[in-house]
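Naming follows writing order (A, B, C, D, E and F), and every chain is counted from residue 1.
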Amino acid sequence: MATLGLIEYKDASPEVRAVYDDIMATRKVDWINNFWKALAHDPATLKRTWEDIKQIMAPGALDPLTKELVYVAISVSNQCNYCIASHTAGARKKGMTDAMFKELMAVVGMANETNRLSAGYQIEIDEQFKG
Amino acid sequence: MATLGLIEYKDASPEVRAVYDDIMATRKVDWINNFWKALAHDPATLKRTWEDIKQIMAPGALDPLTKELVYVAISVSNQCNYCIASHTAGARKKGMTDAMFKELMAVVGMANETNRLSAGYQIEIDEQFKG
Amino acid sequence: MATLGLIEYKDASPEVRAVYDDIMATRKVDWINNFWKALAHDPATLKRTWEDIKQIMAPGALDPLTKELVYVAISVSNQCNYCIASHTAGARKKGMTDAMFKELMAVVGMANETNRLSAGYQIEIDEQFKG
Amino acid sequence: MATLGLIEYKDASPEVRAVYDDIMATRKVDWINNFWKALAHDPATLKRTWEDIKQIMAPGALDPLTKELVYVAISVSNQCNYCIASHTAGARKKGMTDAMFKELMAVVGMANETNRLSAGYQIEIDEQFKG
Amino acid sequence: MATLGLIEYKDASPEVRAVYDDIMATRKVDWINNFWKALAHDPATLKRTWEDIKQIMAPGALDPLTKELVYVAISVSNQCNYCIASHTAGARKKGMTDAMFKELMAVVGMANETNRLSAGYQIEIDEQFKG
Amino acid sequence: MATLGLIEYKDASPEVRAVYDDIMATRKVDWINNFWKALAHDPATLKRTWEDIKQIMAPGALDPLTKELVYVAISVSNQCNYCIASHTAGARKKGMTDAMFKELMAVVGMANETNRLSAGYQIEIDEQFKG
């Protein structure tokens, strides 16, 4: 189980509850997932992490689904099991279809493959790719 | 320099030239970047890798720009300098603006951060996220 | 379960028991954790790994708690679940408080984030940072 | 060179200059390193990243040198060359001696080794290490 | 459980069954492991991945056991639990003895250690090692 | 350049020279590569690392070339440029042909790809693969 345990809403301080409330309101959900309940042991990190994610994942030059797909891709590449599960669910909620998921996995696999071929062959950067 | 050197078009076998030609035709460019010139030492790998990439990066449920953004994201996460340079250039050609690049980097950074927070706090997967 | 199974003290060879005894004496504990019981299938690796750890983790220019915090940090960054669990327990035993743990996780997360921002923006090393 | 180039102080917007000023004041230096000059293309990320680092790296339950040593350790483990150079310099400024650096590297190497031994032997977490 | 579930032979399309049949014939086994049953949701990826593996893992300048040992080594280094379990089993089937496994793990651990020492000490490539 | 500089044979202490001599004798070479010259700033780590490598890389159940191929594979997977250059040279010296190198790279690329497909599809370990 989580190192420090999980802090449920009913047991949370007003400071933590305010973050929980904002997470639920922003995401239009009525529950808090374990990641935040664990971080709640460190209210400063809870607040900072949530506010950073809220800012970064908001619609901008990239739409929220694209950002979530990238999040899944990185989590898969890093073998972070919790993150894969939570962000795959999050991406589905934002509109990721099975077809998108499957293409995403193919790209992640391919990129990890060619990243190693490039390194192993000790390939130098083409002049055309420099600044 | 590349471990086995680079094979230029003029020195390439017909088998390798056929791949080079297809790369240039598919990408609408008139040159071949070093990655392929190095892989050309292994024609089977050259052909397989190019055909895989061509299949995977083609338009589908995800558009080509989204796929290229994911490719950049993985390359950055893996610290593959050649891949970062080449795929950043590739993404720009497919329409990545400066604003998109900057948001992409923010997501990649954030995902790498929370991937570690999840692991470090030993967080269990919520029932809601399970298949 | 462990690939080769676990070798309990009562079933261990004198060579393995000698390492087990030294681990328990050095760490002032009365049990052996699974890592060593698995490595015991390879007595040379068991002995070498234990002696390396004993040398490296001993007090020196860095105190044992600082070294253990670094060990936790690397294990978290690498998503090694066994190592996170065992070294978090080890760090607590050496004096890591909840407050230290939480700050440590924040640093690990942050470093993983900026490591990717540096790579993605293809930042060159400042002259001032060169040897 | 950096993907988007570097923004020097004289060319920076008031918003960016405010961050630059705070970095120099906080760190008691009279120059800005390339990391920040590159991030300055994205003022929101520049500001957020700096404020996060300032908060996270401040003295707390862990002293600033310990935090910086962890930052170096993660950067080394991730093979981030820019980060290794900049944070090694940063750690020296905060008091890291040659002896500390050498012990730190030994711990980072050892942790990366045993992280793989644990995974490869498929070792299960001991009951004693669970929550 | 697997994100999209597993496709059993009896429920598979003729296209998928053809791949399953080839896997069983090539490997001389009478069952299909979960990796392929999950990929079967994406028949193009199933077919491409199987054909790539079949080509790459076939006898060549390197024998099949050596290739499988490398596969185990990478999976261990990447902390991919499914891959460690499946490829360790695969390597045993191809002739990996306990003694080989133990030496392999020692090399993987050592390489991960010195990879970090090299990075941390910021060591430049010797002229003798260049091209 | 290397963080602490390089220690040449003529400037080395007797303790360091003894290691240098053993490296040259064991490897049948008449020079020392930068890795060891950098580690020489930490004689205990120099000695321990060399003795570990000497033990681990010696002929055993696996032959020295197979071990060196695994070392190259891990270094490539980890994007360690120094290690890729030095161990590729080392593997050639032990008999790695161009054909072997190319097949090795293909396996490393493939393993990195399927490691991510396994993680992304959240595939559970088959009963048949369990201990």
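By definition in this document, a residue touches a chain if its C-beta (ideal position, glycine included) is under 8 Å from a C-beta of that chain, and two chains touch if they have at least 3 such contacts.
These figures come from a predicted structure and were not determined experimentally.
Interface equivalence for A-B, evaluated over C-E, E-F or A-C, points to E-F, where over half of the contact pairs coincide by residue number.
Among the remaining chains, the Cα-based centre furthest from that of subunit B is the centre of C.
Chain centre most remote from that of subunit F: A (centre = mean of CA atoms). In summary, the pair subunit B and subunit D forms a contact in which the copies contribute largely different residue numbers, shared numbers making up under half of all those used. Centre-to-centre separation between subunit D and subunit F, using Cα means, comes to 27 Å. Rounded to whole angstrom, the centroid-to-centroid distance between subunit D and subunit E, based on C-alpha atoms, equals 34 Å.
We define each chain's centre as the mean of its Cα atoms; on that basis subunit C and subunit D are separated by 20 Å. Taken residue by residue, subunit B touches two or more other chains at 1-4, 45, 49, 52, 77-81, 85, 88, 102, 104-106, 108-110, 112-115, 117, 119-122, 130-131, whereas all remaining positions touch fewer. Viewed as a network of touching protein chains, the structure reduces to a complete graph with every chain in contact with every other.
Here subunit A touches subunit E in the complex through residues 79, 88, 98, 101-102, 105-106, 109, going by the rule given at the top. In the complex of the two chains, the subunit C residues touching subunit E come out as 3-4, 41-42, 45, 49, 78-80, 131.
Remark: subunit A residues 72, 76-77, 79, 81, 84-85, 88, 104-105, 108-110, 112-117, 119-122 touch subunit F in the complex. Note for the complex: subunit A touches subunit B at residues 1-4, 31, 33-35, 38-39, 45, 49, 52-53, 56-57, 60-62, 66-67, 69-71, 73-75, 77-78, 80-83, 85-89, 97, 99-100, 102-104, 106-108, 110-115, 117-126, 128-130. Partner subunit D is touched in their complex by these residues of subunit A: 1-3, 5, 44, 48, 52, 55, 130-131.
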